[in-house]
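Both complexes shown next keep chain A, but they swap its partner, so chain B is in the first and chain C is in the second.
Now for the complex of A and B:
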């Protein structure tokens, strides 16, 4: 009797663990470590940061739940309002410029020109250089006295006056943007170049046979071919730029007079006051902006798939 | 027994015996004081503050190690870059991995002592002070800031603060032989020597710690960050207006080097070392750098305290402390070690290598402060004449928040960069400061 029950149980388990289910279970087991890792390293800190932003936590004290108080405080400061606008400006303007430069160079280097391998390598150098070195070099170049840019302008007679590039409201943001674009365009360049090389040559030949001119070939063949890559690159680059700290910190520390203040630098100032709750609130306040970017880019990608 | 013997025996039995007993007792007391109250054991982990001087860092490590060997205590010394102390200590507090003793600055000590992170060390403070002729008044006043009803949580060991460094070669050419006594004199001298690429006033106006020297200037003109109780912002005042007028006048005359509104922490160092600034406010590290990198500049540099203003003479000092976390597994040994680090032999050598002003009256006679080194003499002057941090304001958590949010340098930027009128700039700073005070 007992043997019969045991045999029936084993048969039931066997039926439940049929081939497909066993395979699925095995697959889940395989991905489980990665899922746990992601939960531990990404989800937990992310959710914990959101929690901390609702507390008055300082170093050495876990603090208490304060609701929206941190957000109300930071939203009322002029510096925070500057940070919102400046972050949007930097993300949008650098994105457009990096797209233009990256696309232009990718189209150029995609042609059969002599030494294009060397050009490709050289164009990747700004991205390969450590950000710290790159932006400190830019800082030196921007120096009013002895800086390379002023030397070139004054000695060539292009502009006779010394310009305090980082120290004036009118030039500080364009200077930060220029340095950021220089450092970031290679990522766009290499991504778009890879997309260009995946477009079948037959499409261009067919377009030529149909009498399409260069612009029409670009608009009807090249652009649709690289659009998915451009969208993904835009998404990634925007998120990186919005979260980037070193370009502003090393060039201007958010000044002069908050002219280049952005969210990550503001959050760093919050950390300096050792008020962890407020610093977390600044970081969390960025989330809606980034979420809009992600949703926008994702919907575009889905539309493109359809 | 002859007469002599009987006389000696008679003296020995009375006065001599009393004297001998007294001297023996004193020697015994000194010996007992030098030794720990009871045998030390276990391990002490010490986080020392890494400073600009290799020699000073090595001396600290060697002294702690030697003390451990002499007292049977295992020691581990970890030197922490002072720019990273906040991050390291924050992580250690959160993860309950604080050392047994550490060096840290006033701001962090003030914040963490209120959170119950440190153990009380009044006994060490009192003993060290009593053994060394007492603490300098400015040091004692600053230490009082971190004392609570339950006692003191740190023992000071070094004074830092801003000195005015000036290019004597350039200034003497223009007939200025003496250090500027007032901020107005300083501005006048700075304007007189300004001729691009040299600019007179190398004072940072940016969002970095150096920019906060503007608070002292503002206070010298009668401006205040907050009221006497330290509870409400009081930036908008005639004193602040006078300060802004002084600033704008000097700015309009071109005395500030270009870029001061975005200088990083090394901006004034670089400007002075490259010969672009005739005056800077600095802790003395620039002088040390000049000594090795540019001896000519070093010889041409003179040091003086911050000038006085029309209302106050504000020379804020800051201090480094040694403290013992409440989580220390070996607080008695940590206390004994800290007390040992005030022995004259070590401190005499340490001050010669480090860039700190003295803290104890007895330290004044050390070789480092004999007048042969102008930087050390300047630091001694700062200790002797300096004012407690924030004075005439109240140093509290809200003031520290104002300090790290660069409210006053930002107000200065509004005037000189954005061209705002004084009222508008003061209104914004006042509102910003009040919002901070309201949080506490």
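Now for the complex of A and C:
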């Protein structure tokens, strides 16, 4: 019954029966609300953002087509240049750290040890915490007055001086990265742990029989087994991290003096100055890189799907 | 940390001739594992602990003589937050928005996901790609045009507008995830139901949805979390205090007050409690879903 449409499709359209046509109408009707809403709320705004980035639109005036002028203008500003650099640093450094920590902890929890269920639940905790709560808490943690990190460092004697972690250029970026890794590593941990558990034990047994040492077993059995998951996770995490707003906004608002400025925060500031065309150009500027990541990710995820 | 496990494993295999040293190596490996995991758990729990403890401290214990354990516990920060800052209103707004978004998207996404999984038709591949692209399109790219669009529709600065706009990320998310769960429901059960006189839509409502209940619960929680956490669109789309959501109210608490850490952490605690509860429910549902899957497999 369910395969009738497929069968009819294979046999050619002329043999479509009334019932089949009704069935395909039903299928279209079911998918229609989602498709219409996505077209209206994602596809249209997406194209509209690109259009606006080529105009000199301000609040209250739709503006004229100005070609690449917005892009030429923002590319020359120091703030935009630091946003490019900072975004690359955040994506790469948090990506590497989250992979290392997520993989390491997943390997530890994947052993048959007592209490692994409790550890797994606790390690997922930052993921269950709303992002805005996590970053507000870290903001308080980093404070020179009332912050937990300075308290620990001074009381244990590890570092005797109170540091304004978010207030000085040299420590602001590492602080943002540490908080982002804290909040972001559980996604990697869970994904990699699930992949580890799907590797059949016989492969390890076989490797052991062949005399492979631990490193060889990791390199020849574990790593190939989790690699597809690691690649998809890397792509997804890069897309999300590059476009995250909360971490920088709630911790530093891009400061001090643009040391932690990233694209989404800069675009938001641009919108507040009411120069919509330029603000849109900031968020559209990262589109080429984003598009490559997204196309790569969708091709892998759809392959997974089939 | 990867090196620790593999390293100790290697030591265990190399030392095969003598049983005692295997056991000793295993013990060392266990101890190292627990030290590493314990350290990680401490690093994870400390910020959570600091949030809770700061929300229960008096101002003088937060600022002047900070300590790991407060001498006096107080609910004063919660009183300031709830009475002076009227934080119940943003909590209520967040509840309305997150529940509405979750119900609407899970309902219509389940229809779409069912259609995508069960039928073959023209443009299905295209629709699938559209949903996946939409899932990966970041809000940082959409917030400017969406705010223009909402102003044109007269939906700016309202909870209705926020609910509508949040569908831009919740629909692709829930459709994408539900497709995975629906694939696990065997066709035969549905066909059995239709032989027994159900319509196809009836089979969807009475057989597919109940059988995917753990999946639907998990997807609902993901969707709720996303809507509850959202800050950027709320920041851009709402201007008046009466329609502020919880993240937005706390965001404005930093910019308005001098050193508001006590009430801020009280607000952070209150806004994470509903999600922590949902998280534990979700975990149970996910475990159920996983075990059900493994029994079937």
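Everything below uses one rule, namely that the second predicted complex is superposed on the first by the 253 of 306 C-alpha atoms of A that agree within 3 Å, B and C clash if a C-alpha of one lies under 4 Å from a C-alpha of the other, contacts with A are read in each partner's own complex, and residues count from 1 in each chain.
Keep in mind that, in the parts below, a residue touches a chain if its C-beta (ideal position, glycine included) is under 8 Å from a C-beta of that chain, and two chains touch if they have at least 3 such contacts.
All of these numbers come straight from a predicted model, not from anything done at the bench.
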item: Touched partner set for A:267, first chain B, second chain C, both or neither; value: second
item: Chain B versus chain C as contact partner of A:143, first or second or both or neither; value: both
item: Superposition-derived comparison: chain B or chain C, residues of chain A touched; value: C
item: Touched partner set for A:61, first chain B, second chain C, both or neither; value: first
item: Which of chain B and chain C A:45 touches, first, second, both or neither; value: second
item: Which superposed partner A:294 touches (first chain B, second chain C, both, neither); value: second
item: Contacts of A:134 with chain B and chain C, given as first, second, both or neither; value: second
item: Contact residues common to both interfaces of chain A (with chain B and with chain C); value: 143, 145-146, 250
item: Footprint of chain A on chain C - complex, ascending; value: 1-2, 4-7, 9-10, 13-14, 30, 33-34, 36-37, 40-41, 43-48, 50-51, 54, 62-63, 66-68, 108-109, 111-112, 114-116, 118-121, 127-134, 136-149, 164-165, 167-168, 171-172, 175, 179, 187, 190-191, 194, 200-201, 225, 228-229, 231-232, 235-236, 247, 250-251, 254, 259, 261, 264-265, 268, 271-272, 275-276, 279, 283
item: Residues on chain A engaged by chain B in the complex (per definition of touch); value: 58-61, 73, 76-79, 143-146, 162, 164, 166-169, 172, 250-259, 269, 272-275
item: Chain B residues touching chain A - in the complex, by the definition given at the top; value: 86, 89-90, 93-94, 108, 111-112, 115-117, 196-197, 206-208, 257-262, 264, 274, 276, 400-401, 404-406, 410, 413-414, 417-418, 428, 432, 435, 439
item: In the complex, chain A residues that touch chain C; value: 1-2, 5-6, 9, 23-24, 26-28, 30-31, 33-35, 37-39, 41-46, 48-49, 52, 100-101, 103-105, 107-109, 111, 113, 119, 121-123, 125-126, 128-134, 136-141, 143, 145-148, 151, 155, 182, 208, 213-215, 217-218, 236, 239-240, 242-246, 249-250, 263-264, 267-268, 271, 276, 279-280, 283-284, 287, 290, 294, 297-298, 301-302, 305
